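Below: one structure in structure tokens.
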Amino acid sequence: EDLRWKMPVAFSSNLPGLGSPSAWVADNLTTASNGSIQVRLYEPGKLVPAFDILQAVSDGKVQAGYTWIGYDQGKVPAIPLFAAVPFGMKPWAYMAWYYHGGGHELLQEVYANKGFDVHAQLCGIIGPETAGWYSEPIETLEDYKGMKIRFAGLGGKVLEKLGASVTMMPGGELFQALEKGTIDATEFSMPAIDQILGFNQVVKYNLFPGWHQQFTAQYMLINQNEWDKTTEAQKALVEASCTAATTRGLAEGEYKNGKVLETFQEKGVQADQIPRDILTKLQQVTHEVLKEEAAKDEDFKRVFESQQEFLKSYSTWAKRAYLPVDMTTMDDSQ
Amino acid sequence: MPEHDHNPTLYDENATIVGEVAEASLHHHTELPQTSASQKLDQLLIWVGKSASWLWLATVAVIIWAVIGRYAFGSGSVTLEEWQWHIAGTAWLLGLAYTLATDDHVRVDVIHERLSIRAQARIELLGLVVLLLPFLGLALYEMTPYAISSFSQGETSQSPAGLSHRWILKSVVALSFALLILAALSRLLRVTALLFGFPKPIQTHDNKRKAA
Amino acid sequence: MSLEALFVIGMFATFGVLLMTGFPVAWVLGGTAVIWTVVGVVAVEQFGANLWFDYSSSMGLIPERVWGLVESETLVALPMFIFMGIMLDQSGIAEKLMNNMVKLFGAIRGGYAVTVIAIGVLLAATTGIIGASVVLLGMLSLPVMLENKYDKGFAVGTACATGTLGILIPPSIMLVLMADRLAVPEASVGDLFMGAFFPGLLLGAMYVAYAILRPLLQPRIAPIPDDLPKISPRVIWDVIVAVIPTAALILGVLGSIFAGIATPTEASGVGALGALLLALVSRRLTLPVMRDSLHQTTRTAAFIFAIFVGATAFSVVLRGLGGDRVIEEALLGLPLDPNGIIIVILFAVFLLGFFLDWVEITLIILPLVAPVVQSLGFDLVWFTILFAMCLQTSFLTPPVGFALFYIKGVAPPEIKVTDIYRGVVPFILIQLAALILVFVLPAIATWLPSVAYQ
């Protein structure tokens, strides 16, 4: 019996890096399995609202889903650690922890502990988002005081602690709010995606690095019963396809962002770096927030400690091993 | 200039309860006799809906507070943003059954209005039994576990600064479908009262006029 | 014909027939969804039909989809604008505004209609939620127009069509969704907002032209009020004084968006408060008026949200039965040669607009055709705006014309659905004419985005 999976997704499948792996996985699974797993992708809003994909998969209403699992923070407090962490790992470091440091297994446990019947598979990752679009340059920490900013997730909580007025206004109102000055700043995603929302057309300060989201991970969620039905061969295929999609998605974002940033610069967008002292302060507050979260939820604490454990030895390697970026190109002007 | 007499509020207030249907509503509503059970049900549903109506003022207040707060105090507004749709959602959800009780859900009257009251009642009977009640039944059947799982998960907002206790509003959704079922049943009683004389219609000014 | 196509046609036919019985629209939508869920389940389980249909991924998703409506922050604007409209109506301010504006346009037949359109265009710049603008315009204008012996179709058609401008003139959720689905930098949200500006104004202007010209040809549809004073400085002054409060309200709402004080959703709350204060100042705000207005807001919001609930059930079942695929295949089966491809697509969208709402059409078709259109070298902003204009029209085309339902819900009882159908036909023709204009003169859509953000 062939498996038929309906797979709602959280992002348009034509959004580079963020959505494109979902379409690739759906096609690849259907083709590579010779039709023994047929996946039909449902664009956002067609079947299940993005925020409810986990619930619908867990209840078996749909067999699979593809989403940024950070949306499930309200149901599974530990989830942000698997989705995007402020001052978190670089994408490949996250992959190292996920595949080899017990991350994958922890994720299954975290879902099961909260009563969800899903098998989760890392199935897409993108590099840093930008730290947002601002109408004024950020020079001191004081600049965040009273700033009206749209900022998601734990990063938003950090900015709130620094005195910003953080909103989560609906995506549909963002462009206009930024244009009219209802908000002073917003973050959204990486440049290749932000340009679609037109932020570069209304404000000119684009901040880096994206401290709040160094990696952003998407997962394929599969209903546990459905997963149990699969043969070993099919399981292997799902894992292989998702691993490939993760690599390809990361590659796509990395490939495109530079070009997009260049066109921003041609149009007068300032791609500024957040000053080091501000970053340091943001990091301190982030650590406070993460500790608060860890105190609230046992799983959060466990996952956080596992990641920290990995990072301890990883940083021994990472801070020595990589060349500074300006030494990896032949262009002297860098 | 006189107050225009076709303002909806002038005729649908209480009309269905006491049966004193104003002239204007003859065009607009399928008129059905009241029965003692349906009258009590309608009273309850209308009371709930009218009480919920005051939440609109609360919605206005929260929005204004959010706007002022952002400028005057530079304070975060994620919580207030969520309060807005929590309050507004509660109001319209609880209003669904009220609107059914006052028969204010929109109809396409191209053919409908040319039919006799009995023919309209037959359509209403079929519509209630074949369309509305099965739909509401399924919706409530699905909505209940949805609200319960929110409760057992201790679901909160996805936003760290948002509201907790999502199960409350999700229960209001389930409740709103339960109330809609009551409203539909009440209407069903009124339809059968007209068509089959069961349950016994209450004599009202309106019915007397029709009988005459 | 495939089983999927058969089912999809069957589902629409069921809806169309049941709609005509006069049972409430919302429940016909929901009930049709249940009936076809049963058909789908029986077909698959009893007859082994090769469909991807099952109960749990169609009707079973009702909670998730209804919750999606509840947690929509944007939709909070809907009841707020309704409350604003009811408050203005109940307090007599709306009537005063309309009657005074007409003193100025007195010599023009159709002065009330012109006023409605002017208010409607301003309103369109504050909200993109058609339910809100149609209902608000209907409540403000229909009683006055009917009192002045306007033709019912003319009056209701004007209010209804003008109310749909909101989805084209920014802010527009539709354009944001389109940019998201297109996902190309050449058609960002900003480009589409700018691109829709002049076509929106063009439509407003064409509506005004119609509202002036048609009564010239057919004087009886828009009589000139007989107690009209001669225009003198005194009259103009009176009008200004009378109009100031309402004008201030509208400008306050618009202004709060443009000055960046409030988002469109928040502006709806600002407007609601403003209307409340106006009623208070003009000493019309008694407790009964307040109570009635709130009650009526609930019933009006509830009937619109009920339609949303029914429609979301309908569309998820339609999708489960393979509606998307049927439409996609039909569209890809069209002769898509470069010459005339745009016309063929737009015509298909126009026809689909009779049956599907804009969200469905955008989700299903736009991503399908946009790459083709772009690869042939057409301007994507231009194409998308044409697409958007077709979708705006879909609100007016029966049987699934949501603006028609909304206006029916608030129209005085003597207005029948047939009056509404009759009234919107000229506006559908105007839409087509505007579509042709933008098609022939792409600069209407493409000029502003090309200069706006340089």
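Letters are used for the chains, namely A, B and C, taken in the order the chains are written, and counting of residues starts over at 1 for each.
Here, a contact is a pair of C-beta atoms (placed from the backbone, for glycine too) under 8 Å apart; a residue touches a chain by one contact, two chains touch by 3 or more.
Everything numeric here is computed off the predicted structure, so don't read it as measured data.
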*Chain touch graph shape: choose line, ring, star, complete or other and state it.*
complete
*By the contact definition above, name the pair with the higher C-beta contact count: A-C or A-B.*
A-C
*asked:* If I average the CA coordinates per chain, which chain comes out farthest from subunit C?
replied: A
*Centre distance in Å when subunit B and subunit C are each reduced to the mean of their C-alpha atoms*: 23
*Just curious, how far off is subunit C from subunit A if you go by their C-alpha centres, in Å?*
36
*Could you please state the distance in Å, as a whole number, between where the Cα atoms of subunit A are centred and where those of subunit B are centred?*
41
*Mark out which residues of subunit A touch at least two other chains, giving numbers and ranges.*
51, 55, 59, 169
*Indicate the residues of subunit C shared as contacts by at least two other chains.*
60, 64, 67, 71-73, 261-262, 265
*Find every residue in subunit B that makes contact with two or more other chains and list them.*
81, 146
_Could you list, by residue number, the parts of subunit A that touch subunit B in their complex?_
51, 55, 59, 70-75, 114-115, 145-148, 152-154, 156-157, 160, 163-169
*subunit A touches which residues of subunit B in the complex?*
69-70, 74-78, 81, 145-146, 149, 152-153, 155-162, 166
*In their shared complex, at which residues does subunit C touch subunit B?*
18-28, 30-35, 59-60, 62-64, 66-67, 70-73, 75-76, 79-80, 83, 89-90, 92, 95, 99, 143-144, 146-147, 256, 261-262, 265-266, 268-270, 272-273, 276, 291-303, 305-307, 309-310, 313, 399, 405-406, 408-410, 412-414, 416-418
*For the complex, which residues does subunit A have touching subunit C?*
4, 6, 12, 14-16, 19, 40, 42-43, 45-49, 51-52, 55-56, 59-62, 169-173, 175-177, 179-182, 195-198, 201-202, 260, 263, 267
*Can you list the subunit C residues touching subunit A in their complex?*
52, 56-57, 60-61, 64-65, 67-68, 71-74, 170-171, 173, 176-177, 179-185, 188-191, 193, 257-265, 316, 319, 324, 359, 363, 367, 452-453
